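In what comes next, subunit A is part of two complexes: it sits with subunit B in the first one and with subunit C in the second one.
And now, the complex of A and B:
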């Protein structure tokens, strides 16, 4: 980003701050302050005495409760499973489709716009559509299976399957995001590199593994990282498709935090659960960056 | 010969994925035109072949059920429209400042400030939502347009700043400098010279923010309960109140996804040229 030095007078700098201030103030007020507020609740107790809000700090009590809460661990495992499975499938599918779109083909614009559609639709509507389609008796999925001679599957009612149905829906909605970023990445690879490899007699697979894939590493890392951060927040699809059930097999951290905080109205413990999500995202990000350090170094060379 | 096989495979996969993308949308739209029996007697696929389409649910949501529908629909329009307008405006002002001035807040320079703003997007909303719920309860902003608008401005600002910073760093500064030399103030240079130049990108940013605000669920669920409910909440509530009445909810869902689909098609040029500067 180019930053040009202007007449360094105080008036000019004052105007610049004026342009930046609204954004900073809004983010401080509606993101940073609530963040600290939740942190305080996670280490305290919330009460309403005569209509006034009161937060008393009680130390780590909420956190010891959290560590012994099997429902919390369940929702953590569910969230991690959903994130890793969906992001992995979305990446593989997205890469395949982006590579195909990067070939010289007819109907380029049509395919690209169509492939983009799912991620622009309201997740709540997407969840509802898939709930209808995965219905045991009236949905097309089991109808197809019956016609092919298979037994019907309890897509949303079978505890062994329900999580995969959520993953399937997430893949349908968010593969477009991978396509969008990976295609941009592919188009940034200079054609000469691939031509040179062809001249040297490299086969298609070799070109992919030794040229395209390494050069695509920055885009791949960005796509997987951004998508994972978003996937950790999952609630809307689950809320409408299974409500966390059957039992608790599809209850994500955000859904559990919401239920405790606003349905059971235990705000302090809800804040504790929610805040643990922050640590999970933070830890996953650090782990991810350590794991991809080598790949990022290679791509720089 | 080899490349012909590859071409056939390419088109096969692309067309197969097109079917995967279109089918659920097709299913929703056709369900909104089905009689109750056509829903209950197992899946029917093709209109006029498998079942006779009826417009009656669409007529119903615009007549008998109009009052239930109209408030959330208008709420969504107001909240998404106003919040996206301010997100795009304030976001481009911040982006303008960050690309034209040199800042230093403690150890933070321009790129650090930009990164700080953008990283706010990564915060899981449930963390802030519980606290915002209490803040709004105390200030009386629960279940109001104003409350939801404020939250959505904060929700979309990081994205708006990111996209606009990318655009503004690319446009030449000579024209605005000419205006400044002619005695225009920074604000005049921004609103009269820069904004008209980047208006297409600014509208694209606005529309993208609009889609995200229009689709948003968690904040709307927590911060509204009747007057200010939005379309996603209406769909979720109808679903829980009415259970298996697929036809009505399909019509509502179709209505809820139409604006984003129209916007996506309208913005295709930007998506293809790379509106979102992520791959860089």
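And now, the complex of A and C:
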């Protein structure tokens, strides 16, 4: 590769840049163009007059509609509840199981593989599996309850329960993801630190809180962040299990956006809902990083 | 001798197939619909024969249900000509035909004896596939809601006596009003009336959000609001395009729709059409509303425990009906039944810009011919239900399908009585129909979950429908609605 040196000492790798350019352009087209296109739709009206797709900019009309849309606010609250509940439970469970798998136990490989299985299933399949398991009259969960003498539960049909069934399913599928990342994090902690703490007479709990947990922070932050971003986009499990019902108690933002955009074919408003999700995820991510940075500063102090 | 005859037969067949003019040699037509088996299967069944006969090729492209409309619409609107033939729900015809996306087919049909146009029931050939008096598609499926009941329950003399004792009137078989359905559902709910060791329930109907619940709602509402000879009433005022969805008749229907859930299979609020079919065939409910699919699954399904035990009827109605013109309830001596063509069936249309319109029509004509369509409606997993007179006349295909002669006759009679009923109500057919239904779906879900009263929910729907109409243009929508009802437009 020829390297040309400029007066200021700046190295310009012309050939390298030349070869990279098509990739960069394609990547930009594939990411930036759909993003800007959706943004334009969110501030406009879509029509197909004259054989071309036209977006007429209408200003903030869609956003004004969004602000006054009670169904949007409901789906936002539902999404936030599902994300916070499921990610919290997945983290706690994932940490417990990762610590268990990090110890020398019999059948360690078997358990590691088995625990990861749900993550490998398609969410649609997971939705169907749990929909059958939680069926009111023929599902094994209610059969079990009836055998024990309890009343059947409307897992997916009771408005007070349905959202927790969705959360339960999400936890079942995605706790393995937490296990995977946290286990890698645990295995990256130098044994010397823990040995030193033991020599100093620290108890198991103290070792966990003052050594393991802080050292696991980078892995924990990555796991919680990645999982939260994914959880915000939840649609498939809900679509299969409840369709957003009963009422609207399980309607997430993505499901609402899908209903408006692809079922009702109101593309502009569907794009507005999708973009609102983008802002929510962005704001949550910034808040999350600010909080974790603050927490790490406090722990270092 | 027999072998010689067979050989001659094969030779003649060979001559007829290979010697015939290959009219569409080198032409490839693209058919777009949802993935097999349902709806796409008949295309797969008949494409090879058509290809042998004509020399043309059929390329089947499919997409999941949710992607059908956007892909069809964008292909048409952008002039992409991705598909020559689209097989789509009849409710989308106003969107496509109204925008000039579909090729008019009247001339083709007039010159085509194979299509046997007059064999198709009038409601399909004159209303479902026409727009502004022009035919833009060919029906390939007949869809309507019918009423199902368990004969072994409702016709049981011991139960009939107990019913009369409790309600003071004879148990009607089949019920002809929704009030009777309510009482029967209550009577048969929560006890083991078929002696299988498990309790059964009164009714099973689709209530699931984001599915097909709104069609079940309109099936109930039609009898309360659709007066014979008075078009409109079910959706909008055909003079003003004002929504009628929150009329007292609709509110009464929604109250019924919610009340009957007390006597339904547990978890009914979360059941879609697929699930209610399996539940009914599993023997868990005394009554159901569905398209023709429950009948097929009950009589033919391997897992069915109700073979030969199912009764079929047109949808019940009401004796007190809301007259939106008078703004008052009117009494009927006999129940006002208004069977509802929910969904309206699948139809096949051709892209107006297709370079292969003639070949595309020829394939549609072959697919929908009386012989081939009879095979489609009597073959498992095609998703096609009967829509031609000839489909109802010949029982042999249905018996080969797995129906008993009695069940086939009763099943077909209920469908034919529905389609040919003088007060039959076609589905909503205006541009943006999916938006109106989506707004209704969410509010029905809220009402069914007890989070809104029926009146509040339907008032909200009326408000949303007004906004949609304003956005899409009231004049255009009114014109389209009147066209869909067969009313004159200026």
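Note that the second predicted complex is superposed on the first by the 267 of 301 C-alpha atoms of A that agree within 3 Å, B and C clash if a C-alpha of one lies under 4 Å from a C-alpha of the other, contacts with A are read in each partner's own complex, and residues count from 1 in each chain.
Note that in this section a residue touches a chain if its C-beta (ideal position, glycine included) is under 8 Å from a C-beta of that chain, and two chains touch if they have at least 3 such contacts.
Remember, predicted model here, so these are calculated numbers, not experimental data.
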### Query
Clash or fit: how do subunit B and subunit C relate after the overlay on subunit A?
clash
### Message
Touch test for A:137: subunit B only (first), subunit C only (second), both, or neither?
### Response
both
### Query
First (subunit B), second (subunit C), both or neither: which does A:262 touch?
both
### Message
Output check: A:157 vs subunit B and subunit C. Expected answer is one of first, second, both, neither. What do you get?
### Response
second
### Task
Considering only touches as defined above, state whether A:53 meets subunit B (first), subunit C (second), both or neither.
both
### Message
Just checking: does A:239 make contact with subunit B only, subunit C only, both, or neither of them? Give me first, second, both or neither.
### Response
both
### Message
Looking at A:71 after the superposition, I want to know if it touches subunit B, subunit C, both of them or none. Which is it: first, second, both, neither?
### Response
second
### Task
Answer with first, second, both or neither: which of subunit B and subunit C does A:61 touch in the superposed model?
neither
### Query
Where does A:249 make contact in the superposed view: on subunit B (first), on subunit C (second), on both, or on neither?
second
### Query
Which touches a greater number of subunit A residues, subunit B or subunit C?
B
#### Entry: When the two complexes are fitted on chain A, the stretch of subunit C hitting subunit B, from 23-31, 59-67 or 419-427
59-67
### Task
Report, in rising order, the residues of subunit A that make contact with subunit B in one complex and with subunit C in the other.
53, 137, 239, 258, 262
### Query
Hey, which residues of subunit A end up touching subunit C in the complex?
48, 51-53, 71, 135-137, 152, 154, 156-157, 159, 162, 239, 242-249, 251, 255, 258-260, 262-266
### Message
Residue numbers of subunit C touching subunit A in their complex, please.
### Response
66-67, 69-70, 73-74, 77-79, 99, 208-211, 265-270, 272, 279, 284, 432, 434-435, 437-439, 441-442, 445-446, 448-451
### Summary
Counting only contacts in the complex, subunit A reaches subunit B at residues 1-6, 12-13, 15-17, 19-20, 22-24, 26-27, 29-35, 37-38, 41, 46, 53, 96-97, 100-101, 103, 105, 107, 109, 111-118, 120-126, 128-130, 132-133, 137-140, 143, 172, 180-185, 187-188, 219, 222-223, 226, 229, 232-233, 235-236, 239-240, 253-254, 257-258, 261-262, 267, 270-271, 274-275, 277-278, 281
### Summary
Seen from subunit B, its contact residues with subunit A in the complex are 6-7, 10-11, 13-14, 17-18, 20-22, 24-25, 27-28, 31, 39-40, 42-43, 45, 90-91, 93-94, 96-103, 110-111, 113-114, 117, 120, 122-135, 137-138, 150-151, 153-154, 157-158, 161, 165, 169, 173, 185-187, 190, 211, 214-215, 217-218, 221-222, 231-232, 235-236, 239, 246, 249-250, 253, 256-257, 260-261, 263-265, 268, 271-272, 274, 276, 278-280
